[in-house]
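Residue numbering begins at 1 within each chain, and the chains themselves are lettered A, B, C and D in the order written.
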């Protein structure tokens, strides 16, 4: 009696983009005994994010850039069950897949992850469907918190804001015009832009890239009625910023319920 | 000093429906070293669902159809403590129990699970008592969200809706009249019918089957003041749809608290 | 460098109530390799209840009656760290301690646990400080849900009510006057009495015993601004009723927030 | 392929304050097979506190005083991933670091932890960013619960208050003028002062120390829009008081939503 699932199906060697890749070469990209190897790390992060309610129902995703390799969790799979052999690996320079599990689909978030790696020099990007992120975008949309700020989430004078960097990953390199770098201070106003959702996730790329240009200090972009993209210069920064933002989103929803202003 | 519980009681060979079944034959149906064998899988799913608050207080249930065998968790038992030997096994064609643990009662949900397997070609059906599902049915009942939609939960333009299939399990086979198959799109309106609760769970069958006919695109039926039944073509689809729906139910309750409309 | 805590302190043989008990005899009462032995079971239950938020901050407690022995978790200790050797053991007939850990205090809940064992024939009693239980007693006190029911929590037509027994433990033995036994039905009204809190927990005994007499169908008593006592004929019944009640308390608070009536 | 993180970086012998310390001497301070050794205990506490949402996004912190040694978790690190070798160790008398992990920063909370150890004789101090603590300070600030108590959180007649000590750690030693010692009673009013947040955490020291003087019965100080500092005579007391307070903060927020008064 054999029990197979999508992620349990046999995975054969794949030929991609004219680059013959042997089974062993492609597989070696995702096999390591190091728990911090990107293929292993994405799996443990997904298990942790599932318990936070960030990636239930196959939603959300994670990508890590390691050198010239981009590791990406597949689309439409149960995130808490991810295994290293489920990972896609893309060459950053050529955008060609070096490894592509036969029966899985690449994540529709891929162009958005690449935007963070390219525009911000990020090395990790996390996408969650956190209900707190969605509710914050709905409250902004309603204009009930601040009628003039429907497309940006602003908050200040909350200690946890100090966990958020200016300019996202690699801010020290990309800062210009004398803009301050490092993390936000307690009296600074944190601003996270909100873009409108689209029918297809990959169609978010243009507005997400535009938001990155217009909000050079933001380390995240909220997507209305959808969730949030958060990046960082490494896994630790992306993850802790994602935690701090989720904390702030939840706090903002509770404050709104209590009739308190965010700014 | 012996400590026995209902589920820890000795289980003897049982004779069911004139079909003599030896202990070994009946037991072999639920013993496997494969964690994805239905008897093992139901146990691990129940433990996970308990942590979500879906099956506390012995509420809720899970059934998996594997070939011609229906595996069902027993009634009135602590779901987080389920063991493979607690499972009932029914023959799909004859509706006769092939295995029936001596001291346990079959689930009152059995006719409802069978409806999903028969009418929708599902292979897994999950029943939860999620408080969010119950609250959604109460808000609909109150008419405070939409006075003209007391018997259906509708939601649109929330990304997580894309985790919900049209027509439930096996939609590609049963779709007719040119109806679109696959998952819902972001701009589609998700509609989950709500049926009224009855004194005895098995009496829900007629209205549940009627709802399945009337709402061919639904992959779930809400039961007022009770919970939800969710099905899928396999365990992964049933489980991830159950997660997506629970996410949407909770989001809907929070939106209602904030004075926001679901559609 | 020695690190000792209250529960890590050495425990010596104790002489209690003129009954000389050797170290081995007293210790044998709490040492077993059976995970369902009361001394082990209380520890695993406490760990589980801690994750539910029922016994944080050393609050709450659990007692199991096994034959003529009453096993009780100590007072003022971290419940998620309980070990079998922390357990008090009392003789049910004589009310004398057969085992009394030297550096620990017996639970102030002891007379209340005994009331459930004596008056209701229970074999397990759980006391939680669940915030949902406390909030329900506060809403009743306010009269905002029902001004004429400040001393009883009533709910009906919620499926989870069917997880609650009539008359608590041993109801079949104590039922009289033709009262129905078994669990509540969907259309029955569940009623849990609320007693006022006192400065000292042991002083709750009289009103708790009075409530047990006046509400023979109740399997639990709420204590205003404090928590709840829930009992059952065995651990499974006490635990699952405690889970069902907590589910109902939380649902009731959410319903009240949404302006919905409990009955 | 090497994967290094901040906390995974190699740690060399460090020379601190002219006191040459060999690798082995400094390291011996944090290496022990005893799970209750402060260096191990802080790690397990941080993992537990992370699941409570108290120290996400690198927020919060813990310090334990053991004899003349102060153990402190580092600043800006993921608290659920702490390892014994990440700990700073300070000499209580000289305030000099006996161990200072090369690539980590000492916690900005250090002067505040020291205030609890010095002024109150505490041996453990916990700092959380609990959202419930922050919300309580916001509700007080708004004056909506009690316009005359913006700088103190007061609550009474809730059983869990009995989990809070008078005068914090070592109260029996520092109590004077006949003030009662021990824990609060049910009819006592618990009062936790609230101080205003500052741009830099270390600048809280003066107002925190002032609050300790002005509120000698308090075992904690709330920091507006930031979190809470809780101390105790040992880890058990600090931790269980922190749990009891967090329970009370959450209950207070829920009570406020329901229109109920705290006192």
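As a convention for this text, a contact is a pair of C-beta atoms (placed from the backbone, for glycine too) under 8 Å apart; a residue touches a chain by one contact, two chains touch by 3 or more.
Just so it is clear, the model here is predicted, and its values are computed rather than measured.
Note: Cα superposition of chain B onto chain C, rotation of 90 degrees, nearest 5.
A centroid comparison over C-alpha atoms places D as the chain most distant from chain B.
Interface chain C/chain D: under half of the residue numbers present appear on both copies, so the contact uses mostly different residues. Separating the centre of chain A from that of chain B, both taken as means of CA atoms, is a distance of 32 Å.
We define each chain's centre as the mean of its Cα atoms; on that basis chain B and chain D are separated by 45 Å. For chain B, residues that reach two or more other chains under the stated contact definition are 257. If each chain is drawn as a node and touching chains are joined, the picture is one closed loop, every chain linked to exactly two others. A complete list of chain pairs in contact reads A-B, A-D, B-C, C-D. Against chain B, the residues of chain C that register as touching in their complex are 32, 34, 36-37, 66, 157-160, 163, 185-187, 234-236, 239-241, 243-244, 246-247, 250-251, 254-255, 257-260. Across the complex, chain D meets chain A through its residues 1, 3, 5-6, 8, 53, 56-59, 78, 129, 131, 134-135, 138-139, 142, 144, 197-199, 223, 225-227, 253, 256-257.
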